[in-house]
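Some structures to go through are shown next.
Consider the two complexes below, in which subunit A is the common component and subunit B and subunit C are the respective partners.
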Partner chain A sequence: MFSIPDLAAWFADPVHWDGRYGLWFLLLEHIAITLAALLLAAVVALPLGLAIGHTGSGEFLVIGLGSISRAVPTMGLLFALVLLWGVQLRDFSLLVALAAIAIPPLLAGAYAGVTTIPWGIRDSAKAQGMTGFQRIRYVEFPLATSSMIGGMRIAFIQVVSTVVLAPLVGLGGLGFGIVQGLALRNYSQVVASSLVIIVITIVGSQLLGWLQQRTGDRLDPPHPLEKK
Partner chain B sequence: MEWFFANASFVAGLALTHLSIVIVPLVLGSILAIVGARLVRARWVPGTTTVLSAVYAIPSLALFVALPALIGTPFIGPTNVMIALTVYAMASMYFSARDAFSQVPPSTKTTATALGMSPLQLFVHVELPMAIPGLISGLRVVSASTVSMAAIGAVVGVRNLGYLFLDGFQRRIPEEIGTGLVAVFVIAMAFDLGLWLLGRALTPWRTRGGQRV
Partner chain C sequence: MKLSRFAALAVSLTALVGLAGCSSTPAPTSETIVIGSQAYYSNEIIAETYAQVLEDAGYTVERQFSLGQRDVYIPALEAGEIDLFPEYTGNLLQFFDPAATQTAADDVYKALGSALPAGLTALAMSPATDQDSYNVTKEFADANSLVSIKDLAKITGLKLGGAPELAERPYGPTGLLSLYGVTVEFQATGDTTVDSLVAGMVDMANVYSADPRIKQLGLVTLSDPLGLFLASNVVPIASDVVNADARALIDKVSAAMSAADLVAMNVRSVDEKLSASVIAQEWLVSKGLLKK
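Right, the complex of A and B next:
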């Protein structure tokens, strides 16, 4: 019922790449949904995480949200939101359900980014007479970037693999190939769609990992005499 | 609530299936990860890290349906879900286990070796007990995510608590979805509490007389 040559033939057939439910469109849609959810989560979580790290109060929120969110199945949350807000707002429900899993790692990343800056740096910024806002803008935010990107990487991995659930509420993305393929017992399509998702997940997380490493050099720059 | 009381035995049955699908992967995955974290040679650590973080990046639904193609298991049924959950539990637990073992002070290990302990004795009597706090906190993370991830198995025909989400959505019964969410959450929290108690019981020297040593 499934074989590697079948899979290769499936990929080779241009019919499976073009059109509304072709791989190209679904791929772009998958990436667009992922980015929109990450953006929504970042707008909420990053300022909040920076503020918690800056003031040092509200740390329970970072830890609590992290452990609670792991125990909430996204599929159930998504279905509940769609029923609650109506099918017409299902795009929004999807983004909220996805943002819910992206917020805890982003929050933790921003918070840890600020709190792991050596005390001396934050204190000297204060001693220079910088206001609270200036310290966040010119000291804490730039130095926390690497950790925030690290949080973004974890959030990306989880969101990009959860977008697969979108077709269960009638939306698109590469999960469409999986859900439709399962229903039609077209397992080449199922495996092909899964492979594409795995590839974009790995590429995206490598990209963010590389970005994280590059921005990490700001806090811990290589010694000038050290050969790279 | 009414829906829950009217269907309590049905929900209980689904919860039992859910538990049975979660427990085997949790136990198996954790043991493999803990032993693996200790056995992998320093030379292979970067490679293992790359492979396991790539494995962890695979979408669960995708792995549930890709497994039959890879290893020839039947497409529908609990086997794939259990294998996939084992793989995820192992990939995630491996990193916590490695951190936990690296926190055992080298001087303690040297002392144990100097006392004449064999590598196996060193592992069982020194490294494992001292790594317990780290291992337990890793297990708490893994158990919560495994319990909630198992629900997705309902999409590939496993009748566990995730079935409440699918059925509740198709038949427009919000209470059914709510029941599922609460049930999964309760099971996850029960695991969390159990592991916390286990951690306390296994490390009596940390809490004896109210003093943390």
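Right, the complex of A and C next:
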């Protein structure tokens, strides 16, 4: 049914790497869809999350959206959107369906990033006479960055593995190799495509984790008297 | 109409989950005939016709419908957990023998007989078919005066839409080129194939011949004079539990079902949203196979 030598042979065959449905194209497409969906989600969720954290009102949204997104099946939402908007706009339907699962962690990340800033810092910014916008721009946003990247990390992991649904509505990405491979009972192709998805998930997640740590130092700088 | 296809998918997925939850059902007794069906509404209607004639003749029948795709239910058939299953000659042959080259209905049926694992028998096949076919819109057919796949050879820049696996099938782009000299650019349109065709995103599409949308949307099915596609007639696959008398009953159902009957039943399912059992019953009564 499936063996490691078969898998190696599959990867070694240049036929599987080139062309419209070759591994290179599908890989780039997979990453492009993931990034576009994350961008769409970030444009909505990050300003909203910062605003909720800043004003302290609308917190029900952070919890409510999180619960709803867990209850809505992405595949169902995707099919419903394609029906609603028509097949020509299926790329957009896919991005919206993916953004729907990315928004809650991003929203929570931005919200938590602001509310976990020690109250003294936010109050002293206020005491300096900074306006609301200045406090967001120069205090809350920079200090919430690490938490927002943390939210992005969760969103990335969820989106990059859900892009696999795209071939069901006639779009590409590495899910193509899985959907086609299952129909043709070509399990080497299925495993190969899955492996590539696993690799980009781990690499992307590690990268975002590293960024999260780097920016986290802003909130917790080494004490001046502490020996390095 | 599009909605109901997705709804059917949703229902069958739910059914699959439900099935997975009760895996420890005891093995049925020898008198009970377990009838299975694919997670495909048309297949379920056919399975229901078998179930009703057998019940009418006094057999005990257990329905195990919406069992997903072949990878899921063929092992169950081989293991004797299911006794009777409506199948399609060409597609089933391809499952057991991917290298099969037969395309004509009788050849495919004969090849299937020898390809089936021990313990399973293909009963007489029905004239009803549900097979791959290439379709274009009425406008496209008129504009290019298309009747047969042959006529496509003169058109350049053709876009072919279909399920992702079509790219690798013998009747896909490779077969089109070698048999008919037709060059196509393949686009994997998945479940949106028919919609993509109507929207003009592809020029021709691979649609199952019993799909009601061919008629509803006025699509033109291109004839296949050189036999590119495998014939796929409806064929009941039976285990030894199904005795000679039961087989005779099923054979009558198969013989009575025409390709047009199958399409008509599919249309009723999609348009009138009737259940498989109602559609099957009314069809059986209309053919005199069931008294009402």
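What to note about this one:
Following the convention adopted for this analysis, the second predicted complex is superposed on the first by the 222 of 228 C-alpha atoms of A that agree within 3 Å, B and C clash if a C-alpha of one lies under 4 Å from a C-alpha of the other, contacts with A are read in each partner's own complex, and residues count from 1 in each chain.
The working rule: a contact is a pair of C-beta atoms (placed from the backbone, for glycine too) under 8 Å apart; a residue touches a chain by one contact, two chains touch by 3 or more.
The shown structure was predicted, so the numbers you read here are calculated from the model rather than taken from an experiment.
Once the two complexes are laid over each other on the shared chain, residue contacts for A:V164 go to subunit B alone; subunit C is not touched.
Applying the stated contact rule after C-alpha superposition, one finds that A:Q180 touches subunit C and leaves subunit B untouched. In the superposed pair of complexes, A:Y21 makes contact with subunit C only, with no contact to subunit B.
In the superposition on chain A, contact of A:G172 is made with subunit C only, not with subunit B.
In the superposition on chain A, contact of A:G76 is made with both subunit B and subunit C. Looking at the shared chain after the overlay, A:V87 reaches subunit C, while subunit B stays out of its contact range. By the document's definition of touching, neither partner reaches A:S57: not subunit B, not subunit C. More residues of subunit A lie in touch with B than with the remaining chain of the pair subunit B and subunit C. Note: residues 76, 79-80, 82-83, 168-169, 179, 182, 185 of subunit A belong to the subunit B contact set and to the subunit C contact set alike, using the contact criterion stated above. Of all residues in subunit A, only 1-2, 7, 67, 70-77, 79-80, 82-84, 157, 160-162, 164-165, 168-169, 175, 178-179, 181-182, 185, 187, 190-191, 193-195, 197-198, 201-202, 205 touch subunit B in the complex they form. The residues of subunit C lying in touch with subunit A in their complex are 2-3, 6, 9-10, 71, 98, 161, 163-165, 167-168, 186-193, 195-196, 199, 201.
Subunit B meets subunit A in the complex at residues 53-54, 56-63, 65-66, 68-69, 75, 140-141, 144-145, 147-149, 151-152, 154-156, 162, 164-166, 168-169, 172, 174, 177-178, 180-181, 184-185, 188-189, 192. Partner subunit C is touched in their complex by these residues of subunit A: 20-21, 76, 79-80, 82-83, 86-88, 90, 167-172, 176, 179-180, 182-186.
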